[in-house]
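Paired with subunit B in one complex and with subunit C in the other, subunit A is shared by the two complexes that follow.
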Partner chain A sequence: MTTQVAAVEVIRVVSSEKAVRGRSLWRDAFYRLKKDRIAIFCLSVVGLYSLIALAAKFGWIASPWDKVVGAPYLAPSLDSIELFLGTDIFGRSVFYKVIQGTRIAMSVGLVSSLISIPIGVFFGALAGYFRGWVDDLIVWFYTTVSSIPNIMLLIAIAFIMGKGITSIYVALGITAWVSLARVIRGEFIKHKSREYVLAAESLGAGHASRIFKHILPNVSHFIIINLSIQFMSAIKSEVILSFLGLGVQGQPSWGVMIDDARLELSRGVWWQLAGATVAMFFVVLAFNILGDSLRDSLDPKIK
Partner chain B sequence: MLPYIFRKLLSTIPTLFGVALIVFILFNMVGGDPTYQMLGRHANAKQVEELRHEYGFDQPKYIQFGQYLKQIITFDYGRSYATKQPINQMIKDGIGPSLSLMIPSFFITTLLAVSLGLLVAYFRGKWIDKLVVILSVFGMSVSMLAYILFGQYFLAYKLGWFPISGYETAWPDRLQYLLMPMIIFVVVSLGYDVRFYRTAILEETSQDYVRTARAKGLTESRIFFKHVLKNSMIPILTNIVIEIPLLILGAFLLESFFGIPGLGSITIDAVHNSDFPVIKAMTTLDAILFILGNLATDIMYTLVDPRVSLK
Partner chain C sequence: MAVASETQSVEKILEIKNLKTSFFSDEGEVRAVDDVSFNVFKGRTLGIVGESGCGKSVTSLSIMRLIPDPPGRIVGGEILYQGKDLLKLDLASMRAIRGNKISMIFQEPMTSLNPVFTIGNQIREAIGLHQNLSRKDIQDKAVEMIQLVGIPSPEKRVSDYPHQLSGGMRQRVMIAMALSCNPHVLIADEPTTALDVTIQAQILELLQKLQQKVGMGLILITHDLGVVSEVADEVVVMYAGRVVEQGSVAEIFKHPKMPYTRGLLNSIPTLSKDPTGKIKKKRLETIPGIVPNMLHLPQGCRFQDRCTYVLDSCREREPELRIIAQDSEMPHAIRCARDI
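On to the complex of A and B.
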């Protein structure tokens, strides 16, 4: 059985070597990702959510979401698109609220990633490249940040900055960089003594050039892998923060809708909970699977 | 062993100091004057002045930081602004309910997840492996809030299998209130854990010693339960540390939904009341719990892995 497995491995290695010869890391990864039908499907789901979010942002769909479309707590019906998921306590369309919630969730994922990724890359690169006291200081700093359980740090920041979506962006952005910084630091330690970096050094490349021009492109796939996971956890955290009343105010978010559902369920009103949960389920599922597939296709170690 | 523990204990001091610094910067400097948050918009100058004096906000920052460090060391966090109770008394009252919910939840989850991880690693590639992996990913993707609301509405309210919420301090009765929150916690964390342990165990099975064990003719089940399981203790311990923040989040949501008067409920109440001293104390306390959990794991590594040096 073992020999069989080993033989298969050898064949796979040989054939994949044949297939990937002459391709760059990114071309190669794209080639492998393209073959992964489930990953492509998940990527399409993420794309669809992004399109919905953009369309909602520009007011092309589900707008105005706070228009009264029927009696309070109308059950879902197929009569019209607005009543597809019924109405809430004020007679507003739950379907529109779900779509507006998509906009909030995707924007939280995007903005918090835009904040956390540069921080994570910057600290990780500095620590891994320079080592010594810089490394000690940065490692101490991120160990400290990660010692405060995430939800407490999120609550503390949201509490201090006041309620609203800006605090959610910032809170998620400045708590989420630690895992990326750890990975980038580890990769920089490995890469800084590789031959291509030494060659760049002997050709007169300075520190900044070596960090950003030479090493960073070679570790950048970890940023993509991290992005997928970070997007997902940002969406999950936004829902919990909004649910705790620390998040989005006066706008429909999935967390706020789930919070509303707390009191509605005993009256048999299940559609707000179902709409928000199902919408969230598919996007989180897609990011979950996509994260795994990206790791498989981008991480050269797992070829 | 003892010197090792002592050294590890010393090495937590910089981290603890860092936590204190971050919490202090967040609450006492970035946050501006917390008295406005506590009193709301309609406070008059005299009230603000009194409160500032009571909590020491009129002192210079370095003295405030010193006082905060003293609070951490003496475990005396002052009084709650909302309930006027001493915070350390609130913590003492809350820690029992929290632990009686989270400790069993944690052990049941770990036991189930490790067993399932072993099972699917044993049947790797077969349909049961695929099924469990798919179910895990699906389970991970549902919000914890949805599980809670579903449990509370269908299992407790509709079917009446469990009480909807509430708490009892006396012992066998306490269990009936804790049962459903425990089940929910286990279901929520199982997906992630099973996948984690499956990967960890599969990594172990590709090691040389497993091939040697197979070569000398050991049965697969013996290899798994005797050799692989023992060696997988290291990633299992690692996962324990990863679990602590999830335990705290779980405590938050489960306690506040099911009316369990633990640390999570106290924190959520404090957030709703803008109870600044309590939130600050809870943030510090949770960080200390996390650091202690890390420390305990480091010590346990030495028990399961003889390669970990005590020097």
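On to the complex of A and C.
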């Protein structure tokens, strides 16, 4: 009797599985990603940083950050949350500054990616799809851009546009698209000769439809993988630029904090450096691992 | 279907005249299709046969104007559809014909579908490109097309992704897409080559059934003469970019005149029995030699080096395509100097 019941159960399970809607490749990729525990952990870390950044943005936490909470250079203590990482030269809470730095780092990553990804996708798609002189021109252009040392270009743009967060957004945005454009161009070359594209053409689809409706969805996972890496390198670049004094002004970015720490370290004040570095370390590491895992789950063939 | 009704007059829907398509490589010009002419009739099937690289697929891609340019280009000839030369149309008008009036299905069902969209999505797109229908009508039509090509439970399958279907099912989806706008001509470029034999038969049967239903002209490109003898009404045999023999299927299979066609027919394995009932053990014949290098074609007949009937004159001058019997809409014609 019980076996009969079990059999019925099995049949029910099988038939309900059959009734499931078509399984898209995205869903497959998501299942693969879900099995990867480290990736999920990293995704949570990234999510946590994003939440902190959002909360700081709306002033729910760590605000106001420039309030004097104690004597200058108080060592970290567990007395209050403000003094968790001690105070800086003006007696402001280092912990609050780290949180505000998170906001700036995440916004730089997001905005610069939003600028660079459309540029990279657009140029890469055009070059790979049309080939010929369009390809020559675009490849020449991005080879030229990438042959200029990145940090010099960033410095030049920051100088032209004036110091500040906007110029960092723009500078990172318009220098970082080259690697994505390369990848997208290569994928377009590969996909353009695939039969499904020819089939679409034989059904009367035009250029725009073939580029955006047919090929782009097939290469879009590269955009997501690139986003993760792009985000991470933008955060690093912002820190470097701010450290060089070209970055954010009057706001507590991690780079500015590390720059300040240069003079403080000799006095034994290590907490400002430690706070900014550790915060940056975790988010950069999380993005790095996440980028790898995304590649594994979205493009399992190259694993 | 192979028997054309005598009383009914057949209507020409596609006329290919002196089509020439070349590919320009660093080493020189390859004339992949060289002066090819044939007609496609309404409701009838034309088989184009020949070995790999003889220009079958290039002919079909030329009709659709899908030759990748560069390196390829149609350098001459006319493709007349309803009196209009397709080669003179601008790209927008050509797009309106592709998939709508003239459709094509490809050899590889595994790669011809876009992997990231459901099959319903792709069929809907094919319909939406050419027909001004409401969303609901398009959806209904897509389900109807899936049903038409014999895929079970179409309402469910419509939301499947290509990787969830077998090769035969995917080819059915391709056929559904190609037929969704009721084309007048369907070009099937080796539609069954990638499929196993039982599925092959099903797909051919399906194509025939649908052809009778909608009355389109079918161009069937294949290297499988068995398929041609079963399905086609007329046959064009191509060799190294040239038409070497053409005619009705009965004529070609009964009285092949060109040595190349004979060679092709002889290289089909047969299972005939001798009078005592034993299966005859006949050695399978092959055509000796290989296809000539298309960059350096020999002077004279292109088949000369592989031909057992070769004459000295064959090496000097290439014979013209000459008509030897006016027996049907497609007169039996051969490109051969000899009468064998």
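One rule holds for everything that comes next: the second predicted complex is superposed on the first by the 278 of 303 C-alpha atoms of A that agree within 3 Å, B and C clash if a C-alpha of one lies under 4 Å from a C-alpha of the other, contacts with A are read in each partner's own complex, and residues count from 1 in each chain.
As a working rule, contacts are C-beta pairs under 8 Å (C-beta built on N, C-alpha and C of every residue); 3 or more make two chains touch, one makes a residue touch a chain.
Keep in mind the model is a prediction, meaning the values are calculated, not measured.
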Item to check | When subunit B and subunit C are modelled together on subunit A, clash or fit | outcome: fit
Next on the checklist: In the overlaid three-chain picture, which partner chain does A:F58 touch, first (subunit B) or second (subunit C), both, or neither?
Outcome noted: neither
Item to check | subunit B or subunit C, by number of subunit A residues touched | outcome: B
Item to check | Contacts of A:F141 with subunit B and subunit C, given as first, second, both or neither | outcome: first
Next on the checklist: Applying the document's definition of touch, where does A:G204 land relative to subunit B and subunit C: first, second, both, or neither?
Outcome noted: second
Next on the checklist: A:E195 in the overlay: touching subunit B, subunit C, both, or neither? Say first, second, both or neither.
Outcome noted: second
Checklist entry - Taking the superposition as given, does A:Y31 touch the first partner, subunit B, the second, subunit C, both, or neither? => result neither
Checklist entry - Which holds for A:N218: it touches subunit B only (first), subunit C only (second), both, or neither? => result second
Next on the checklist: So if I take every C-alpha atom in subunit B and every one in subunit C after superposing, what is the smallest distance between them in Å?
Outcome noted: 14
Checklist outcome for this item: Overlap of the subunit B and subunit C interfaces on subunit A comprises residues none
Item to check | Complex contacts: residues of subunit A adjacent to subunit B | outcome: 2, 140-141, 143-145, 147-153, 155-157, 159-160, 236, 239-240, 243-246, 254-255, 258, 261-262, 265-266, 273, 277, 280-282, 284-285, 288-289
Next on the checklist: With touch defined as at the start, can you tell me which subunit C residues reach subunit A in the complex?
Outcome noted: 64, 66, 68, 70, 95-100, 103-104, 106-108, 111-118, 125-126, 129-130, 156, 159-161, 163-164, 174, 177-178
Next on the checklist: Could you list, by residue number, the parts of subunit A that touch subunit C in their complex?
Outcome noted: 19, 21-26, 132, 193-196, 198-206, 213-214, 217-218
Item to check | In the complex, subunit B residues that touch subunit A | outcome: 14-15, 18-19, 21-23, 26-27, 30-31, 37, 137-138, 140-146, 149, 152-153, 157, 211, 214, 244-245, 248-249, 252-253, 267-268, 271-272, 274, 279-280, 282-283, 286-287, 290-291, 294
